[in-house]
Each structure stands twice: as structure tokens, then as C-alpha cells.
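Presented sequentially are two complexes of chain A, the first with chain B as partner and the second with chain C.
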Partner chain A sequence: MKRLSDDLMSILVRILIGACFFFLLAPLAIAVVMSFDARPYLAAFPPPSLSWRWYDEFFSSDYYLKGLWLSILVSGLSTAIAMVSGVSMAVLVDRTYFPGRSLIVSLFMAPLVIPGVVIGFALLLFLSKIGIYDGFWRLMAGHILVAMPYTFRTTLVGLASIPRSYAEAAMSLGANERQVFWTVTLPLAKTGITAGAIFAFAFSLDDASLSMFLSDPKSYTLPVAMLSMMRADFNLTIAAAAVVLLALTVIIIILLDLTVGLERVLGQGLYRG
Partner chain B sequence: MRVQRRTKSRTGALVLGAPSAVLLVVLLVLPLLTIARESFEPFYAGRIGSTGGGLTLANYAQLLSPTYLLYFYDTFRIGLIASILSVLIAYPVAYMIATQTRPLRRKIYLTLFVTLMFLSVLARVYSIALTFSPIGFLHPLAGWLGVSPNSYTIAQVLVVLGLMHLIIPIATLTLIGALQNINPRLLEAAQSLGCPKWRAHLSVTLPLSAPSAVSAFVIGYALCVSAFVIPMILGKGRVLFVSNLVFNRFSEIANFPGGSAIAIVLLMAMLVLVWGISAGLHRLANAGGR
Partner chain C sequence: MDAVELINISKSFGPIQAVSDCSFNVGSGEVLSLLGPSGCGKTTILRMIAGFEVPTSGRILIAGQDMVGRRPYERNIGIVFQDYALFPHLTVEQNVGYGLRYHGAPSAEAHARVSEMLQLVQLEHLRARRPGQLSGGQQQRVALARALATRPDVVLLDEPLSALDAKLRLELRAELKEVLARVRAAVIVVTHDQEEAMSLGDRVVVMNAGRLEQIGAPMAVYAAPATRFVAEFVGRSNWFSGTLSDATGGKASIVCAEGISVAAGTRGLTTGTQHEICIRPERLAVHREPPATAPGRVAFAARVIESMHLGPDLSIVAMMPSGKRLLVIEKNVGQFLIPPGTDVILSFDAADAIVIPSAPTAAS
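Let's turn to the complex of A and B:
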């Protein structure tokens, strides 16, 4: 009796897990296969023959390439700025108590909770009121904000894991505060800082909700270009673009595994928001 | 000496903190105050920006009409369905990965789910849309359900699936951490006392991992409520979330006061949701600890 109920449950659970993997992976597999379709039009899966046609089209389209280039530029620059800001604030929060400390922490983490469209809409309105209409600077403003929680939080987690005694040991051996920071604290917090930078870059690269508000016809990111293409006409160049994004994701995961280790991603309590 | 050190550390603190404080004020606080102010401005069609005229509550009053309430209702209802389903499905998957004894398999599963978490929303949405489009193998779904492929029902199903594709990996990774910290001996003890395995899970594993499950749910629900790309593409214009409404106010009719009011209400709803559920969870955890 007992055995039977256990067997039944385990079969059900296996079916559920199988269905989950199928649901998560099958659509992606279809998009990848379809992106190599040799037919010049959208037709039923599976494609009878394969080619690079849609990739040629993607990589010869000025529209997509401009988006891809600006995406990488904006995400790279905003991650760098968010890193300087997040790391220095994390160091300050970690070592001192000051009035308004918890307010600063919640403000830093706020972009994770506030919906992207609210931030995008608010920034658009505010920037136009102070006379900033240029798409590039508007995108930079939004993406810095998106990146800040990640660089701040991971650095804070990294700093908190360093035993206080290490710094004390260095000081008792004659190091001053600055030397302790550059030779003890920072190297030990390096993994956390790297994780934060990778997270910040990845999520900034993927953002579409903010960028839809902040882009202009001259300055737009790849997700914005893909979104407007998807609404206009559903051709397979978008599949090629999606596979390019997938390839970027895989590169990011490899970097993350090499520098931080995927097991640590779990421990950091890091999820997108 | 002492005085000197204190001033030095104070300038140090200023150097460390000032740039971030300026960034936060300029990029977050002032813009939010701007839309808060804008939401009380009267709206005149064809005029962009404020008029400097009197303040009005009209933009908020407008939101009480049934059409607007329906957008909010749809957002919170569809988001709730998607996040509950996601956590229910993620649970056994996370358990399977957490109890995986072979290191290579564990590494493969972990890599897969971290990759799926980082995967671009655009890639997800396009893949799902393709799978359910006339060329995809799940196109007949509408027929199986007995509705038209362009119906409201199918649009809802697609949005729920899109949201689940986003949330299942996050929920799984959140749950793995909690599940692998549960001592397997507790389960063995329950079983050796004659409890069937599934009941042992119900009375041992589930309560011990409940806080994580609730936080996975809160994260998922918050992501659903602020979703923008998923309803925009998969909703096919039939299902619109509040986020899409804000965007339409801006892109189609340039109604900035109206858009601001919706944005403020969405923000408030979101904060109440996250804080409310977190506070409830905290109380629950305290009660459970006693």
C-alpha cells in the first residue's frame, strides 16, 4: 500500500519534471533550428535545408548592428560607472554607521523592486524637464540605475564575509588603513565585485522596458530594435538575433563560472529583479 | 592627532559616498518626484508637459473607471496564476537538483538553470511566440481548447506561459539553496517510523523550505506585475498589463499626467505587495518557530 503510493508519486513527479524541461527548452530549440532555415520565408517546422541566410541578413543590417553596438557600449559604460559607485558605497556602508545608512541601502536596492516602466517613464519626464533629449545620455542614465543594485549588493556580501581579524592583523603589523584596503580587503572582496559586474552587465544588456522609453530613433539598443521588428513583421532575422543574444548569455555564464563559480551564484541570493 | 584622524575619515566618507548619493538623487529620487507632481497636472490633448495650471485629481479619478480597473485586475490575476504555477513546478525540479549526488549531473543542471535565468527576455518571448505561431508545433493548442487562436483565452495562456518561462528558473535556483540545507536524516527518520515518503515530504521537507518557497513566490509575483515585454508581444494586444498601459499613454497619446498617475499607482501597488507579503511571511515564520 505504502509502496504503491510512493511509486505513483515518484512517477507523477518525474512526468512533471520532464514536462518542465520540455517547456523550458523546446521553444528555444525550435528558435535555434528555425534561425538556420534556408527558405526565404516563414514556413512550417522543421526546415528542409539549413543555411546562414538569416545570420547574413542580421550581420548586414545596419539597423540591428547599430543596436547591438550601442547595447554593448551602454551596458559596458554603465556597468563601469555603477561598479565605482556601488563598490565605494558598499565599502562605506560596511565599515561605518552614519545617519541615513538604511535609507541609502534601500535606495540602492530600489531599482530591483520598482517596475522598469515606472523608472523609464519617470526618467524620460525628468530628463526632458532639465533639457536632456539625447537618446544616448538618457539610456546611460537608465542603465546606470539598473546596474547599481547588483554591484552594490554583491560587494556588500563579499565585504561582510571577510573576517574583521584579517584587517586587524594587517594593522598590527604596521599597515595603515589605506594599505589594508588595497592589499587585504579589496583582493578578498574581488569575487563579489566581479559577480556584481557580470550580473549588472547581463541585466543591463537585456533591459527592454526602460530602454523603450529612453531610446530615440538615432540611439536605441538591440532589445528595442528586436521589439519593434517583432511588432512590425515576424521574420526569421529576429530568430538569428535571439540566437546572438543566447550566445552572449552563454559567454556570460562561462565568464561567471570561471571567475566566481556557479555554486556561489546560489549562495549570493542573486536573482534578477 | 585624534581630531585629525576624524576629519580625515569624514572626508574619506564623503569621497566614498557623495558620487553615489548624487547619482541616486538625480537618477531616482528627482524623477520619481517629477512624476508624482506631474500626476496632479491637468491634461490637455496635444500639449506636451505641464501647463503650470491648477492641480487636479482627475488623472487618479480616471483610474477608477471599469476599463482601467480591468487592466490592474488582469495584471495581478494573471501574474498570480503564473507565479503560483511556477513555484509549484520549480519545487520538485529544485528538489531533484538539490539531492543530486553525482557532481557532474549537478553541475549540468545548475549551469542549465543559471543560463535560463540569464537568458534574454526577447529570446524567450520570440521562441514562445514562434512555437505557438502557425508554423510552430503547439499551434493546434487553440483547437484542443476549443477556442480561436486569436482569442482572449489563448492570449492569457501565452502570457502565463511566457511569465512561467521567466520565473521557473529563478524560483528553482532560490529553492535549491533551501532544499539542500535540509538534513536528509530527518526524512529517513520519518520513513523509518512508518511514514510513506510523500507524507514525509509533506510534513518534513515542505515546512522546512516554506520560507524559501514564499520568497520565490514574492520575487516571481513582483516580476510578473512589472512585466512589460511578455504581455506586449505574447498578449497580442488582447491582454495588456499596467506596464503596457503606461507605455501607451506615452507613445500613442502623449498623455504625461495620465501616464504618471498610472505609474504612481503601479509603484504603490508593487510596494504594498512586496512589503505586505514579506511582513506576512515574517509573522508566519515567527509563529512557526514557537
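Let's turn to the complex of A and C:
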């Protein structure tokens, strides 16, 4: 009886996992295939023949290329800045105990739960008020603001998992606080920091709701370009653009995972318990 | 000059008094065990010597220098943590060598010192491993090598063997003792295990509730505990309480409710005062036949209510007619285990009785 219910359960779980994969991957697969559609007009799936035409179109469009370039620039820069500031903040919060500490932590997390449109609109008003009208700097400000909770949070979790005795052992051996940070704390929190950077970058690359408010005609990201093209001239260049965006994300994740992943392989059993 | 000197050290955490007015010193090359139940303040003392906690009052001297206001890295110390705290991202070699770069050792010298230390703990063959790939015992030895590598004035060991299983603990205890004997530093071992404290320490400090109860050589602490707490914490004990009879004649005895009286020395004992008598279980004898009376031997009847074989020892619990239970440990020399229900005679040598004045109950 027990065996039977266990078997049933395991079958059910497998079906569920299968369904998740299907609904996650099928739309992506369709978009990828459609981006290679040889027909010059938007028509039903599947395409009768394949070509690179939409990619040619994408890479010869100044409008898209500008969006792509700015996306890479804003995502890269804002992730780097969010990483440095998020890590510093996390180290500070992790080390010190003060009243209202948890309040500060939740405050830092706020951009994650406040809708992007709200942040975008509020930030637009605020930045105009303090005299920042340039689209690029507005985008940077918005992306850093929303990327930082990721780097902050994952670093904080990474730091919390390091036993306090490690830092104490290092200090007893003669390392001062700064040396302890560089030789013990940072190497051990690296996985958390990198995870945060991946999340931050993926968010930044993908964001449309926030960026829509902060873009201007000269400075816009790729997702914003895709949205406005969808209104103006809906064709499969958007599918090609989506695939480029997807490829970019995948490349970054693989790159980052490779660096951290390798490290983890070298340090077998690094995270016991 | 002592390597470590604690002078009237107190520490409170808010309303909690963790350590009260503790003073002791440890010489170079000496091993001092700090023994007490958990929460007695022994770890707090260790952390204050290391510089992780600041004493509320009192002074700590290391190699004659006042440590007040000095950060841990400004003290020449080595610590073996309870969880070893080996850096998981570094190899055994890098762990042991970690402190040397902060002590200004040239790299060739540091390399030689690391090899020397690994040799000392017999782990040379594992120098390229990471802590995660080592057994508990090996990790413990790496932690020891790392703590000794910088030639500290003081070596602090916080429950160094508690994370190991019982059999390995005995092996490593012997090994640890051997290594510590070669160290010129003052060594302080914090432990709640009385066997560990007695076997490793040249002297033992027994602590209770933030206070020092007794300092002395292991055998002295065991044979002549200063307080009931020490007697009960170090080893096992049977207790009688009684009143001191007339002490004027120089030959006083303590008369207990059970009809036993024990001759006591008269080191300033006052007539009529309450005293506790402690008899170690291995100093009680069980007689299957009524024994011949011997001078100085106190004998009384009891009934065996529990008897157990422990391998090298036999453990017998006997009850006196008054209902008092006594524990007896006999060496296993092939004798029969006495079945429960047997009436026996128990006896002890009056010289083996440890007399401790009763703590005034009103004050406690």
C-alpha cells in the first residue's frame, strides 16, 4: 500500500516537472524557431523554410543596435556598481549590530517588491526635480537601484554562512580587519556575490517596465526598443532581438558560473553543513 | 615572569556576570586546564585573553605586557577553536602558513616552518589537501599546527577534542599532550571534560558560575577538593554530612546521621559546625563476608540494589538502612558480580574521607 502511494507520488512529481519544463521551454523554442522564419510577413508556426533574414534586419537596424549597445553598457556598468556598493553595504550590515538593523535590511530589499512601473515613474519625477534629464544617467540610476538588492541580499546570505570563528582565527594569526576581509571573508563569500551579480545582470538586461519611464529618444535599452517596435512595425525582427537578448544572458551566466563553478570544484566540500 | 597573568578579571554582559574577579597565571611551557560546566565563564576568559572580548575590569598581561586595548592581531597568540575554523578555501599548507606572512617571515623561512609544523603533527603527506578532504582528527591536528606555527607566547585551546568521537578523542589526547610538552608557550586548555583537564593540564583551574573554585595539580584537585562543587565536578562522589564533635582534644570526629563517625584532623575546625564528608566510589570497599575490624576503618551495613559490569570496573549501588545510596567502583579482578538484594558490609579508610565544611545554607 505504502509502495503504491509512493510510486503514484513519484509519477505525479515527474509529470509536474515535465509540465514545468514544457511550458517554460516550448514558448522559447517557438520564438527561436520563428526568428529564423524565411517568410517576409508574420505568419503561423511552424515556418515552412528557414533563413537569417530577421537577423540581417536586426543587425542592420541602427535603432536596434543602439538599444543593444546601451543595454550591454547599462547592464554591465550598473551590475558592477551595484556589486561594489551592495557588497560594501552587506559587509557593513553583517559586521555591526545596531538598533533598526533589520529595518535597514528590509529597506534595501524594497525595490524588489515595489512594481517597476512605480519605481520608474517615481524616479523619473525625482530625477527631473534634481536636474538629471539625460536618459543614460536616468537608466543607470534606476538599474543600480533595482540591482543592488540582489547583490546586497546574496552577499549578506554568503557572509552569514561564514562562521565567525574564521575571522577570529585569522585575527589570532596576526591579520588585521582589512587583511581578514581580503584573505578570508571575500573568498568565502564569492559564490554569494557572484550569484547576486548574475541576478542583477539578468534583471537589468531584461527590464522593460522601469526602463520605459527612464529612456529618452536617444537613450533606450533593447527591451524598450522591442516594445516600441512592437507598436510601430510588428515583424519577426523582434523575435531575432529576443534571441539575441537570450543569448547574451546565457553567455553571461555561463561565463560567471564557469568562474565560480570551477572554484567550487577546486574547493571540494567547501560548504559542509 | 609568567607568560600569561590574569589580575582580578571580571566580565559582565549586561546584567549577566560571566566572570567574577578571576586571577591566575600560567608560566611558559606550562599547560593549564580551565575546567568547568558550560556557562561557567571559562570560554569568556579564553576570549578575553585572545582579545575578542574586553574585560569589564582587571588586567591581562602577556609576556609581561598589558594587553588592554590591544587587538587580537597585536597579541602573540595561537588558538585552536572548537570547530577548528580551518579556512576551507586554503590547502593544509596554506592554512598552517597563514599567520607567518603577518609575522614578517621571509618566504623560505615560512616554508621551512610550515614543513616543521606538519612534521610535528605528522601530516606532511596531506599538505596539498583542503580541510574538507580531511577527517576530524586530521583537521584537529592542522588547527594545532596552524596555531603553533607563529611561535605564540600563549596557545589557547577551546574544547580541542570535543568534536571527535570517544575512541579518537583518547588517541588524540595522548598525541596532543606529547605535542604540547614540546611547546615553549604557555598553554591554556578550556574543557568541560574532567578527564581531559586532568590528563592534559600540569595544573587545573576549576570554575563555577564565573568564579575560580580551586587551582591546583590534577591529583591535588581530585584528592583534596576545596569545595563540594569541585568534588562533585571532578570525579564521582558519595556524601555524608555530620557535625563536628568536641575538637578541643586535638582528636575530633564528625558524627553523621547514619551512625558513622569519621576522625577528622583539626585544621581549625569549630566544634558543632556542619561538615560534608566525601568518599570517592573507588575508595569504598564491598565485603561479601564480614571483615575483620581494622583501626581507622569505618564499616557499615548496606544492601546491594544495582550492580553492573563496566569491563575494567564493576559498578555497585548499595543502599544503607537509612535509604542513602552509595556508589562503589571495584576493579574487575575476576570476582563475582554481587546480585542485587545481597546484604553486604561497606567500608572505607577514614584517611580517604575528604572533609569539607558545609556551605552556610542561609547565604547560598
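Here is the rule we use: the second predicted complex is superposed on the first by the 228 of 273 C-alpha atoms of A that agree within 3 Å, B and C clash if a C-alpha of one lies under 4 Å from a C-alpha of the other, contacts with A are read in each partner's own complex, and residues count from 1 in each chain.
The definition used in the following text is that a residue touches a chain if its C-beta (ideal position, glycine included) is under 8 Å from a C-beta of that chain, and two chains touch if they have at least 3 such contacts.
Please read all numbers here as calculations on a predicted model, not as lab measurements.
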Which superposed partner A:168 touches (first chain B, second chain C, both, neither): second
Comparing the two partners chain B and chain C, which touches a greater set of residues in chain A: B
Touching partner for A:6 - first (chain B), second (chain C), both, neither: first
Which of chain B and chain C A:85 touches, first, second, both or neither: first
Which superposed partner A:62 touches (first chain B, second chain C, both, neither): neither
Touched partner set for A:233, first chain B, second chain C, both or neither: neither
Doubly contacted residues of chain A, that is, touched by chain B and again by chain C: 267, 269, 271-272
Residues of chain A that touch chain B when the two form their complex: 2, 5-6, 9-10, 13, 16-17, 20, 23-24, 26-28, 30-31, 34, 42-45, 81, 84-86, 88-89, 91-92, 96, 98, 104, 107-108, 110-111, 113-119, 121-129, 141-142, 144-145, 148, 202, 205-206, 208-209, 212-213, 223, 226-227, 230-231, 234, 238-239, 241-243, 245-246, 248-250, 252-253, 256-257, 262-263, 265-267, 269, 271-273
Chain A-touching residues of chain B, taken from the complex the two chains share: 9, 13, 15-17, 19-21, 23-24, 26-32, 34-35, 38, 49, 89-90, 92-93, 96, 107, 110-111, 114-131, 133-137, 161, 164-165, 168-170, 173-174, 176-177, 196-198, 219, 222-223, 225-226, 228-229, 232-233, 243, 246-247, 250, 256, 259-260, 263, 266-267, 270-271, 274
Complex interface listing, chain C residues touching chain A: 50-52, 71-73, 77-79, 81-83, 85-89, 98-99, 102-103, 130-133, 146-147, 150
Partner chain C, residues of chain A touching it in the complex: 163, 165-166, 168-176, 179, 183-184, 187-188, 267-272
